[in-house]
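First chain written, first letter: the chains are A, B, C, D and E, and each begins at residue 1.
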Amino acid sequence: MAETTGTEHNDYTRHADLPVRIEPQGLVLERSTVFGLAAALGLIILAVILGGAGRAFFDPPSILIVILGTLAITAISYSVKEIRLALPLVAQVLWRRPRDPNDTGVRLLQLAERTRRRGLLQLQGEIYGLRGDPFLQRAMAMLIDGIPPEEVERNLTFEIHAASQDYQRAVSMLRRAAEVAPAMGLIGTLVGLVQMLGNLNSPELIGPSMAVALLATFYGAVLANVIFLPLASKLERNAASDLLLHQISMLGVQSIGRQENPRRLEMLLNTLLPPGQQIKYFN
Amino acid sequence: MAETTGTEHNDYTRHADLPVRIEPQGLVLERSTVFGLAAALGLIILAVILGGAGRAFFDPPSILIVILGTLAITAISYSVKEIRLALPLVAQVLWRRPRDPNDTGVRLLQLAERTRRRGLLQLQGEIYGLRGDPFLQRAMAMLIDGIPPEEVERNLTFEIHAASQDYQRAVSMLRRAAEVAPAMGLIGTLVGLVQMLGNLNSPELIGPSMAVALLATFYGAVLANVIFLPLASKLERNAASDLLLHQISMLGVQSIGRQENPRRLEMLLNTLLPPGQQIKYFN
Amino acid sequence: MAETTGTEHNDYTRHADLPVRIEPQGLVLERSTVFGLAAALGLIILAVILGGAGRAFFDPPSILIVILGTLAITAISYSVKEIRLALPLVAQVLWRRPRDPNDTGVRLLQLAERTRRRGLLQLQGEIYGLRGDPFLQRAMAMLIDGIPPEEVERNLTFEIHAASQDYQRAVSMLRRAAEVAPAMGLIGTLVGLVQMLGNLNSPELIGPSMAVALLATFYGAVLANVIFLPLASKLERNAASDLLLHQISMLGVQSIGRQENPRRLEMLLNTLLPPGQQIKYFN
Amino acid sequence: MAETTGTEHNDYTRHADLPVRIEPQGLVLERSTVFGLAAALGLIILAVILGGAGRAFFDPPSILIVILGTLAITAISYSVKEIRLALPLVAQVLWRRPRDPNDTGVRLLQLAERTRRRGLLQLQGEIYGLRGDPFLQRAMAMLIDGIPPEEVERNLTFEIHAASQDYQRAVSMLRRAAEVAPAMGLIGTLVGLVQMLGNLNSPELIGPSMAVALLATFYGAVLANVIFLPLASKLERNAASDLLLHQISMLGVQSIGRQENPRRLEMLLNTLLPPGQQIKYFN
Amino acid sequence: MAETTGTEHNDYTRHADLPVRIEPQGLVLERSTVFGLAAALGLIILAVILGGAGRAFFDPPSILIVILGTLAITAISYSVKEIRLALPLVAQVLWRRPRDPNDTGVRLLQLAERTRRRGLLQLQGEIYGLRGDPFLQRAMAMLIDGIPPEEVERNLTFEIHAASQDYQRAVSMLRRAAEVAPAMGLIGTLVGLVQMLGNLNSPELIGPSMAVALLATFYGAVLANVIFLPLASKLERNAASDLLLHQISMLGVQSIGRQENPRRLEMLLNTLLPPGQQIKYFN
């Protein structure tokens, strides 16, 4: 599949002279997330409507206490700036630009091959074509500008670390919110129950009051189980796939910077790629 | 039991010239899983029927909200492709092709002995006989085709890793579903309770409405505790037994590839096999 | 207390020529387990009888659904063979043959001293006397039969590993059952509640029906907290004390096999024995 | 961005002769904490008042049993002295003196540059200017007093360790209190329920008594989820940011004590600082 | 603060010739534990009495089932002997002899200095004065009796290990009891509820019966949260402070046995002592 001895090869592939393009992708809905969320919420709403009392499920004070209370308590543990940084990541769970680690790997091999044949400066013209992957674009620009490979590597490591910390913070925020929401639901229901029990004189109101009290628990359970927890676990998976893409770019940029044999790069990339998505560039 | 010094032996066993056969096995019900599941569900259904109100336990909206809701929320965290990959593994919990690590070990010793006596190419005729174990068949075919042992090993390692990740993903899906199901049950029951409490005017409906509300909790508890959790822990055990089989094949293929002494292979296999299932090939 | 330099000593003790006997012990009730179990169950039964409604606590359908359901679901995760292997271990929690690590250590020192003075073959006559400790008996028999010490060691390691895995499996079965029992209790109670709520027309039956529904929860709580969890933690402690005995025998057999100085063996055994149970053989 | 070879440079920056000032900061409210707490408590109070029964939520015995009981039980595990040490740290969660690791880093680089150019004793005049950061001030004073760098380092390490242990203890106190509060709430509610159930003769009191009983649960849930848990997680983050500041000072003091190249110090500081807050002193 | 080079010093302090005394301390109440326990129990009793139904909270059958049941089930997992060993440790949580690691350290430095100046045998007269710290007394007696330092060390290590295991066992017993108590409370309440529900015919008894049923849950919650859990965490802290004292004695005895420089001992002791309790003996 690939030679591993590190001896020199001259049999460059026909890809080496094609332009290297990573086109910017449009935002795409994450099918399974959006479909799953819509289905779960739809089922709950359907059950509410089938019961013929849709309006009874809308109680602004309970909504206030559960949703805003959850946000307020979650905000205590994070600075305003951290919350602002986390929002775009959470939005990515619903729609994001699809990226394919295999494709990035193939582009890197093209770049590596061309560098080997014609030299690093010759890549100048390809930088613009990489605008679909800003991380890789920045890295290649630094290399071509003559910044030493070790320093490019150090900068990229910082950037990867920062991105991974941003993801972790957003995930822990969502998990924290998923813990707080049922607690706020319980508090809201207790408020409602205490108020109802103080008014047992008007028995015709017991039922509706208790229904309203239970709504807070209902909102808390839906928020935590249907919204926050699934988004947190999806976000964790997005973090892993972004990390993979960054590691692939990093590996490629290192290899290009040191002008190593592209066949060796292909082998290294294949140890990172999941089975079934292996690159077969040199065959 | 086995010599460990690595010196040469010529006393090959009489098995060495028998054809090596791993017959494809038919699908067999996993007795303890199917019996356990049937017994647990049967007991619950029996209790329902003995109570004389079997029909009261069938409530389509609650079934919808719990079963479909659980599936939808579980699906949020996984891509459509991952879910499709997991289904056959989950099905294996109920019926699978039985395989015996001891038998695979003995077949490998036969192959190793014959290779040692007659050479690797002589095994060409045995490949078809291994069709009952496709993993081993592919590995032997690669060896005979002259692919270097290190590369065969690397490919097999990838394949084992991929299989183990598939199992892990399926197990974590089942565990996630077992967390979601009671939460959806709670949500369904809260929907039912709120609807009932809004209609306290018709007291003759309180009982049945509350019964229906509780059904969602009941479905959630049954789904999680009787279906998802037991299947997850069974699947974990299947993963371990598949891994053992793959490791045994891997060890054998390494040993055959390097033309090592089959007695050494027997000793190595016996360190992997559980006590009581040790191979006694050379005695 | 013990010399550690490894030089030769000739001052053998007077024990060296006494016959070495480990008598088979009869089964003895584990006092604290049996007393604790009896006391806990007795207290619950007393409370039931004092309440004057003892018969009300016996409800066959609930018993069926909780006890059999728990067994069925636990069985899903284990093969029939594994369950059969675990039962005798669980029974040991109630009555077992008492064994004293200190006594085993002293017997090993006697054997070591005699071997040193008269040679290994001279121990032939003592093998039968060790029938109270089959593990040690098998080990000594192998040594006397001339099997090399490394191989005896390897076999014993396998046996210890197998025993420890059997214990672990039995403990995890009991813990699994302790998780399942309350879940089956909840399911049984939900079945009862739904049935009761469907029959609110006959108000004189509400109380008894609800009592019956609660019984399933009661059975589940008793099974998990009074039976399964305490047995599991006791079994874990039995596993640890068996492991200690096996390690002591192993250490002794290694030392005898290599004909090391018995004083060194005493020192090694004392590092394994808990403080307060140290052996003082050579003083 | 920075040279890493360790050769000598003479191009000192213009900052080197400016006075080094870390002004003492006034206490500043922690915006997100105070806003979050106020919002969460405000929402709960709003919900209580909107329900029109504000007074019903104030029950001194329940407040006593939950708040004082939680404090008493938490106090069991800690000595009086430890509790006294923890209070100022907990207060810091609400208002503290803002400090910027980047600014501290720049001050250290100034100090390092000046030391290199003019010698350590020349810094005497700057000590007073550091009064805004007592930790750094003490460290520099020790250096200038001629205490050997290794001993200054040892003392600072002790101080950092002590500070981090104080934080940990305060966090674990808050977490312990957050576990105790709901338990005391349950106990208070059980007391109330038992009292109410003993007085079922006066049915007009059932409602209010039960409301009062539930208040204890309400207080416990609010204390744990709105006060203790958010403060604990905020305090953990404060501990991390204090540790960062201390580590930066430590690194600077080490570098100054050993009279190393300030450019090397800048590089080391940048490995500690979070991405986006990197120092760019030498450009 | 201390020299670390290991060269000889002759400047002994004036403490060196004072008699070394560790007086036996009387038992002292642990203020925070006793006060905390008394306050928590007092608050609960106050709330009970304020409700005007103090007698209703005393129900012997529930007390039997919860307290005795918890003891019986906890006893299943431990042997009678282990329980007997744990009781004095648990009692220490309420009153114990206060000991100060700093003071022990200073005594050790005195002993070390005198040994260095006058030799080990000269300490004979001080042994009796150490009767306030039996562990240290035994250790010094062994040294003076000429037992080699390595063996003294080995014996002390055994003793420390044994003490720490005793503590761990007592802590795990208390934690186990804290898990069992609420479970027994639930079982007691279920017994009471089932009995009450079987007697719905006499409605005037429903309230009191249900009150009695809830008492078991109340007892379980108080036992676990007010008694067992706080004692367990206090006992863990006692274990840590005893371990520190033992480690300090161990370090001192090692140093004295090897006749090392006492200044080096002071430095080593200070690495063990918490910041703020550092010894300043040689200044």
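Annotations for the structure displayed:
The definition used in the following text is that contacts are C-beta pairs under 8 Å (C-beta built on N, C-alpha and C of every residue); 3 or more make two chains touch, one makes a residue touch a chain.
The model shown is predicted, which means the values in this text are computed figures rather than measured ones.
By the document's definition of touch, common neighbours of chain C and chain D comprise E. For the pair chain C and chain E, the distance between mean C-alpha positions equals 30 Å.
Computed from the mean C-alpha positions, the centre of chain A lies at a distance of 49 Å from the centre of chain C. Passing around the ring starting with chain D, then chain E, and so on, the chain order reads D, E, C, B, A. Here chain D touches chain E in the complex through residues 61-62, 64-65, 68-69, 72-80, 83, 151, 158-159, 161-162, 165, 176, 180, 183-184, 186-188, 190-201, going by the rule given at the top. Considering their complex, residues 1, 31-33, 35-37, 39-40, 43-44, 46-48, 50-53, 56-57, 204, 206-208, 210-211, 214-215, 217-218, 221-222, 224-226, 230-231, 233-234, 237, 274-276, 278 of chain D touch chain A.
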